[in-house]
Amino acid sequence: MIKEEMRIRSNLPIAQHIFEMKLEGNIPEEVNQPGQFLHMKTTNQVTPLLRRPISICSNDKDKGQLTVIYRSGGQGTKCISEKKIGDTIDVLGPLGNGFNIENVNRTDTVVLAGGGIGVPPLYGLGLELKKKGIHVVSVLGFSTASATFYHDKFAELGEVFYCTMDGTEGHKGTVTDVMRRENISFDQLFACGPVPMLKSLEDTFPDAKGALSLEERMGCGIGACFACVCHVQDDPTGKDYRKVCSNGPVFPWREVALR
Amino acid sequence: MIKEEMRIRSNLPIAQHIFEMKLEGNIPEEVNQPGQFLHMKTTNQVTPLLRRPISICSNDKDKGQLTVIYRSGGQGTKCISEKKIGDTIDVLGPLGNGFNIENVNRTDTVVLAGGGIGVPPLYGLGLELKKKGIHVVSVLGFSTASATFYHDKFAELGEVFYCTMDGTEGHKGTVTDVMRRENISFDQLFACGPVPMLKSLEDTFPDAKGALSLEERMGCGIGACFACVCHVQDDPTGKDYRKVCSNGPVFPWREVALR
Amino acid sequence: MILETKLPGLPMKNPIMPASGCFGFGEEFAKLYDLSQLGSIALKAATAEPRYGNETPRVAETPAGMLNAIGLQNPGVKDIIEKKLTWLEQYQVPLLANVAGSTMEDYENTAKQLADSGLVGAIELNISCPNVKEGGIAFGTDPDLAAELTSRVKKVSSIPVYVKLSPNVTSIVDLALAVEKAGADGLSMINTVTGMQINVNTGKPLLANKVGGLSGPAVKPIAIRMIYEVRQQTDLPIIGMGGIHSVEDVVEFLYAGANAVAIGTANFTNPFICPEIIQGLEQWAKEKKVANIHDVTRSEVVEQ
Amino acid sequence: MILETKLPGLPMKNPIMPASGCFGFGEEFAKLYDLSQLGSIALKAATAEPRYGNETPRVAETPAGMLNAIGLQNPGVKDIIEKKLTWLEQYQVPLLANVAGSTMEDYENTAKQLADSGLVGAIELNISCPNVKEGGIAFGTDPDLAAELTSRVKKVSSIPVYVKLSPNVTSIVDLALAVEKAGADGLSMINTVTGMQINVNTGKPLLANKVGGLSGPAVKPIAIRMIYEVRQQTDLPIIGMGGIHSVEDVVEFLYAGANAVAIGTANFTNPFICPEIIQGLEQWAKEKKVANIHDVTRSEVVEQ
């Protein structure tokens, strides 16, 4: 884990409220799994006070560059979206444990199930899987057509199913709906998106292998403050826990309680 | 008084910690006296919370441009100093009452006595006096040579005496020292600078005509909050007051108590 | 879409007013916009006699906030009525007259004169100003004294009386319930939080008065908590304040349990903030399809 | 130039320590820098039994501050001693063990075990955590209870006891004097200010626990004021905290009357803040030609 001022190489809107930012520095060298995240200070001021956790979308060790995709919504992400090429940004990373693909076999079919701003880390994961020659199917859900992004990039990974809540692009409905309707089968399922989506996937595919990536409000981002804990499934005492920032954000299916 | 986003035309260091900034907008049209000031929001965030009062150094109604000179010291002025050409800045102005030169006769000799960051508004005042054909002598005091600025500009107004506390430029000592030592006489004396300087001028020239410009910590800048009041001289009740922001910042000599 | 807000003595067009001490008597702002847009105006504190207040510096900036120790500078109640209130009458805005003092008699006299003037809609008892030495604070921290003061002022005042509560207490609920019992018609909360800044160059307090009152966004979470707590215990009208800078902030205060809000420090950052927020609130209600702004206040808060 | 700071039970190299709850038991930070640089470490609160704490969301961001309602999650005093303290021993940093509980017996037992372990330099009684329902707060707001708790813990503890004071009181001086009389060896101040944030999309409190503790730069003026007030009344060592983010902030706390300082929330913004501030303080003292950092604390504060 490094704290550094990363240089901004580009920072452009790619969909409604969605920005893609390319950053350069020493952190890319340290990234060891897709699904790890950065903790970003949005200004040099004491407001916004807290860092913002943003997943690494893709990483290029050789160039020392990485890409993040983020939604500009609240105060902090708005500050990030106003940064210009050549500016620097104070970044802590890489943080957390990402997607472990060591147990994915070369002959497996992997489904990447992404919802909204949960889609970006799946792209980096897909790149790694493809590098290993693994068959990748992406099922990507968005609220509406104007919120979608990275069509070409996901197309390069393999087959892609889109769905939107309002039906303006792809199937109308949720990621789970599409997977059921299209009878999409898989050996391993990797997912990132809002909790209701994850929950519905877990309920629908109770035996799925693979992993999911969780979000939780964070303080430190490094495991010290206990802001980001979640419960564990099958824990009669109710006292067991995982920290999303340092044990996760990626967990095997059915390890943590989704609520 | 207008509140507007002024466009930054330049923002460059001209001495140690001292910046000159040129701004464009509708405020210049409203300026009616040298010595009025702007109240500047330094960021779009809630920190720094308060606006910063900065005097108008010179004003060009025709071009819709004005110049300010400021010292980058604390948090807020640092934010201003980081702004780039083309950026905008939220400005309230023009505020307050400036130097009244209606009572200066064409044949008068006027001394402009400035100390440090009190020097800038005197330049705009000097321009107006010169326009009326009045004989201007400037006596400018700084801490040290590297903090001085606007040599050429003041030279264009007339004779200039410099002094520095450490003797690195001009006379060693204060503005009052220089005026005494050089026997500088005047019909009217206009001054802006730290209170000890103003006080020493007032003590040395107890009958001076003209005016001085005061500083005080401000809240609103428009006369509503009573943050910036000062006592009045010869006020037995102790209850009389002036607001620096709206009655001043320029006052005739001996109207307000200097402490 | 309804913004109208009827509080005791204050038939407001909308739930927005400038906060006491941050708007003078409106003269400066009247040059900037039409004051008749405002729901109400909380006037600068009136005392029986004219006051100069504290020495300067009277304000300091803090992270997302400011400290002030103005010390209740004002021309005295007589001048206020004669010069300020008669002038304000033209705007037809219901006025909330903030009253301060060092003795119960002071409060009674000042409040009575204001009420009898017929020019203000309600009295706001400032029992919580941290910036004056002579009493005032004790009234704001001791429930018994607060109650006694309230009932005495109620007796002499023909118009509704709001009590402005101090956040510098262990239990603001105790204070609220005490003044409610004593007959208060409404609550204003919160006044400023006592704070201090030290000048690191001199090692001494920056404000001449040493301590000052903290206001601005920094205190908003404290205000929201206190209003939420008090709202669980009483149905009295609450005028909420503390750090409001945006329409979202106003909505947060309404959800917490405020019936109307006052905007203080933000007037310094943006003198046009009050009319801008009134417009913005209208817009917000339209977008959220809220028919009556007071549906926001009441519906969500009752259950703990 | 001397930064050394000798407080009861805490022979510190410098006056800087991370604040309780913001640094865990140091494990995460030990990966980032050498903990032996620190003056001391205030450990995360220990309770008699393991606790899960509150549900999430446990933190919210506020203007220049944050709210937290962790709810004292910790593995229980036994595990803390066996796993955390024995591991921390390698750094040779004096430890300040924060203790919380819901009954006096809880506090006594936990404090005794920690003291008896021989692994910590002093106890910090957390009588002021606003984020747990079962008691704890009352100890922090009632001077008599605070005093009783202090003297009971003093009796069972072989090491010095600091009491961590709550800012959510009418008079923090009363609390300070009460625990001083009861035998406290030092004071920590301030704990967090109780606050709330409401999610304007749902109209409901954002934190699962509804209320949380406000920390960060926003509360600094409150902390400075309280330390300054308490310093007028007692010579007890004070560990000051609340919003420290820079060397200037540390100096401000020392001028206010603190003998050492703790840095909490700033560790989240910058995990390297503690060593950076230690270095910066050394630099500052050099520039200002301060021979002993404690000349700053004492000289300026005594006169009111």
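By letter and in written order, the chains are A, B, C and D; residue numbering begins at 1 in each of them.
We take it that a contact is a pair of C-beta atoms (placed from the backbone, for glycine too) under 8 Å apart; a residue touches a chain by one contact, two chains touch by 3 or more.
Note that the structure is predicted; figures quoted are calculated from it, not measured.
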Steps needed, at fewest, to go from subunit B to subunit D via touching chains: 1
Chain whose Cα centroid lies at the greatest distance from that of subunit C: A
Between the pairs A-C and B-C, the one where more C-beta pairs touch: B-C
For subunit A paired with subunit C, centre-to-centre distance based on mean C-alpha positions, whole Å: 46
Centroid spacing, where centroids are CA-atom means, of subunit C and subunit D in whole angstrom: 34
Centre-to-centre distance between subunit D and subunit A (centres being mean Cα positions), rounded to whole Å: 36
Interface hub residues of subunit D, defined as touching at least two other chains: 62-65, 216-217
Set of subunit B residues in contact with two or more other chains: 46-47
Arrangement of touching chains [line / ring / star / complete / other]: complete
Subunit B - residues contacting subunit D, complex: 46-47
Sites on subunit B touched by subunit C in the complex: 1, 3, 41, 46-51, 76, 92, 216-230, 238-239, 241, 246
Subunit C contact footprint on subunit D (complex, rising order): 62-65, 67, 141, 168-170, 193-198, 200, 203-205, 210-211, 214, 216-222, 224-225, 228, 243, 248, 251-252, 255-256, 296, 299-300
Touching residues on subunit C, where the partner in the complex is subunit B: 21-24, 27-29, 31-32, 44, 50-53, 56-66, 68, 70, 73, 216-217, 245, 265, 267-272
Subunit B contact footprint on subunit D (complex, rising order): 63-64
